[in-house]
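Order of writing sets the labels: A, B and C. Residues in every chain begin at 1.
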Amino acid sequence: MQVTSHKFKENVKTALGQPNLRVALDRTTGLLTSRRRETIAAYPEYAEARTTAARIKDHTLAHLDHYLEMFEKNATAAGATVHWAQTPKQATDIIIEICRRHEAKSVTRVKSMLGEEIGIGEALRDAGIERVETDLAEHIIQLAEEPPSHIVVPAMHKTREEVADLFRLKHHDPQKTDDVAELVESARRELRPKYIGADIGISGANFLIADTGSVVTVTNEGNGELTTTLPKVHIVNVGIEKLVPSMEHCAVFIRLLARAALGTEITQYTTFYNGPRRQGDVDGPEEMHIVLVDNRRTEIFDGYMRPMLRCIRCGACMNHCPVFNAVGGHPYGFVYPGPMGAILTPAMTSLETAGDLPNACTLNGRCQEVCPVNIPLPDMMRRLREEQWQRALTPASMRYGLGFWAFAAKRPWLYRLGTRLSVAMLRLLAGSKGRITSLPLAGAWTRHRDMTAPQRGTFMDQYRRRRQP
Amino acid sequence: MDHAKPTVGFFVTCLVDAMRPSIGFASIKLLEDAGCKVAVPDAQTCCGQPGFNSGASGIARDIAKQVIEAFEPFDYVVVPSGSCAGMIKVHAQELFEDDPPWLERQKALAAKTHEILSFLTDVMHYAPSDVRFDGVATYHDSCSGLREIGVHDQPRALLAHVDGLELVPLEGSDACCGFGGTFCIKYPDISNAIVEDKTRCIARSGADTLLAGDLGCLMNMAGKLSREQRPVKVFHTVEVLAGMAVGGGICAAQGKG
Amino acid sequence: MNPRDAILGAIRASLGHEPADAANVAREAEALIAAPARFQPKFDNETNRSRFMARATSERLTATVDEVGALSDAPGAVRNYLVRANLPLSIARPPAALLRDLDWGDVSGHETLSPDEPVAVNIADWAIAETGTLVFTSRPDSPTLFNYLPLHHVILLDGGKILRYPEDYWAKVRQSGAAHPRSTNFITGTSGTADIEGQNIRGAHGPRFMHIVIFGGAP
């Protein structure tokens, strides 16, 4: 997918100028966050589940090679073919080759953010293969020709009115009103024939079970199973970090994922796939291919960002992020928005490209608080900023500014002098009003809000004076 | 036989020092009323957080050492800010991972550093008496204080002792106000969108007064309330507790300095 | 170097320790989920059946439930459902002996599925009380699509096969020693989506209506 993270500030400007976006955001994250709060409140064992989940992920990562090999062995024994891909191109080459071998004309897809990462959409287009997105949200953004703006509800940037207009334009038998239930009906009608006609179904995976070689998907709509059961071939593209040791370990995550993402105890469909159809099966694919994708995960694994690999893609962090709620997902410019995106985007592209992302953060900590696997997101934001500083990627103005400030801060007498002067200047600007509406050199503050006038005399000066007889 | 009074090194914070010393004086009054012997070490400037949050670890480390040296002689270090207290208590240790002697000293300092409101209740078991503030106030929980230090119930418990003060809930009281230190300067339009949400909630609360425990947040919210011409007075909690919340508060015209 | 070796090599280089002893790793993994009561939602005041029914009929899952004494009573309950739902007395059902052998009366059955199948009847393998979940597995006599294509999904469930937690199901699978089927499907309520403005809508691509006929089993 086209990365636009380097244009973050421009993207933000565009986003802030879209009133519909704000409406859509408020409606969606408002519901998701309040439901999550209720469901977690009704699950007293949540804290224990969360601690256990983080430990399971850390344990699995600490033995990732062992579990990957175990998975490969068991999946192969079940009749699946396991492929390995280091880069997006290797992954899409494998997938397109399978499609070509089967002379596939039409492919149905279940939402997979990893699929976006590797650019499967573009690869299918370039190979002249029809791609039918079957998740409602993916279907919407496919019709609108837009990138996803959220990892769980990718079309959340659109109001229902905008979706209604889109369907009226593009569907064969569209709905009559803007009622959301009717919109869903219209999509159901539109997509039904496509499931039957698909040669190949491509999905991602929420979890990989090492001791059985199973692939697990967690979905709501039913499109997942229709996509993976009807066609002759099922291809799974999945990140290497999705492993868990066993079904019982997976059960801990299943309790957390839907609660964190949507505020429900469990999604409608949790499906455990174990190889292609067996002798005598009436339905199911004849071939199952599992493409294990690295795409910089081994690099992430190797440094301070390793905890990011615990992520189960619930989206809670972005739902609760004030920055995400102000600008939506598109400004982040890549597959993953919000706090997890601010870490993964520099990791999967570069700090040069995505330098704004870890900086556009108030470090308020709500993301980590709601993360079901307790990923230390704010700490990693800071570490990314540290890396920028060490690699001299921080803007010069910032480096000089901090340098001067540090020089003074280490010399109290100089610091006091500087403070006194600043206070005097601010008081002059404020006059008798008590506030400043326009600050030279700090226009960023006064663009949108007033600056309070300082009181007369710094604390240290007044304190010293009061102490002297 | 008298107990010796606990000694408190008061860390005023650079913002309070420059912009609103009354918070410092209110803090000292409360600490002394609570039975502490308060000193203000001269060799203090900043906790180093601006450097730390910008990734300038070397700078932050130098300043953290300065803080250790100035404050380690005291029984307690008390700070009228959750974010500065959080820097000393929680984050500065990361700067000394490779330096065991300094790490020990930082950990020792961290153990005795407190945000003021939680210090007054949890350590000194203090409650103000004979103090009045007439108004309907709503409370914003600053992020660092809330999540790094666990300050939530304490300010409310303290304010319950203030006569004439009615506390009403703030929708999204635990939502960030959009200050975020340098964030509000680097990404002013995003910061504005966030603080607009906050002032909308403040207006809906029906309060005529806004209170919180961090001057950065307070200046940000007061500045927006003022620009929107909303009639809400803004004070730091200690000012109200010490009976020093006079005048219009932050961003208001000042009768006396 | 091929991608597999490169990926495993990179991981090993990062981990920097000797290849772990498989038994030790397994022990460690086991210990992490010991005493699962820590993280299993407690519902001590409910039986498996009562919890299952409460969840299944909840606003979130929207299933309707009938209880009958024995499996032989099930066709009657299914017929009543068809009548109530204004459906023709014709159902799709998988080629399972248990279903074929029932006396369906005037309700005709076919073992093929059309894309716009109005109603399919199936028999669940197990159920899980914690979440109101039904468990199906793929078999020659139980194709997966009977549970996903129709608009109305009618399920016969043996009341004695309602387990408490998913861990109980996996324990049964382990005990049986059987190989895993192609797919194990946990189905919880009717299909739905929250993709538009976060609003919960039922009946996306999977079934919109679910009716469960529980036969036998302790109350």
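Throughout what follows, a contact is a pair of C-beta atoms (placed from the backbone, for glycine too) under 8 Å apart; a residue touches a chain by one contact, two chains touch by 3 or more.
Computed from a predicted model, the values in this text were never measured in an experiment.
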Ask   = Chain contact graph: line, ring, star, complete or other?
value = line
Query = Across the interfaces A-B and A-C, which one involves more C-beta pairs in contact?
reply = A-C
Ask   = Could you name the chain whose CA centroid falls nearest to the centroid of all protein CA atoms?
value = A
Ask   = Quick one: chain B and chain C, Cα centre-to-centre, how many Å?
value = 53
Task = For chain A and chain B, let me know how many angstrom lie between their CA-based centres, rounded off.
result = 33
Task = For chain A and chain C, let me know how many angstrom lie between their CA-based centres, rounded off.
result = 29
Query = Which of the residues in chain B come into contact with chain A in the complex?
reply = 12, 14, 16-22, 24-25, 40, 42-46, 48, 50-57, 59, 62-63, 66, 143-144, 147-148, 174-176, 178-181, 183-195, 197, 219-220, 222-224, 226-227, 248, 250-254, 257
Touch list for chain C against partner chain A, complex = 2-4, 6-8, 10-15, 19-20, 22, 25-26, 28-29, 32-33, 36, 38-42, 55, 60, 94-95, 115-116, 130-131, 133, 138-140, 143-145, 147-149, 165-167, 170, 173, 179-199, 201, 203-207
Ask   = Residues of chain A touching chain B in their complex?
value = 9, 12-13, 16, 322-323, 325-327, 359-366, 369, 382-390, 394, 398-399, 402-403, 405-406, 408-410, 412, 415, 419, 422-423, 432-435, 437, 442, 444-445, 447-460, 462-463
Task = Report the residues of chain A in contact with chain C in the complex, numbered from low to high.
result = 24, 27-32, 43-45, 48-49, 52, 55-56, 59, 62-66, 68-69, 78, 84-86, 90, 134-137, 140, 153-156, 158-160, 163, 180-181, 183-185, 187-188, 191-193, 195-196, 212, 214, 220-223, 225-226, 229-230, 240, 245-249, 251-252, 254-255, 262, 264-278, 280-284, 292, 294, 298-299, 301-302
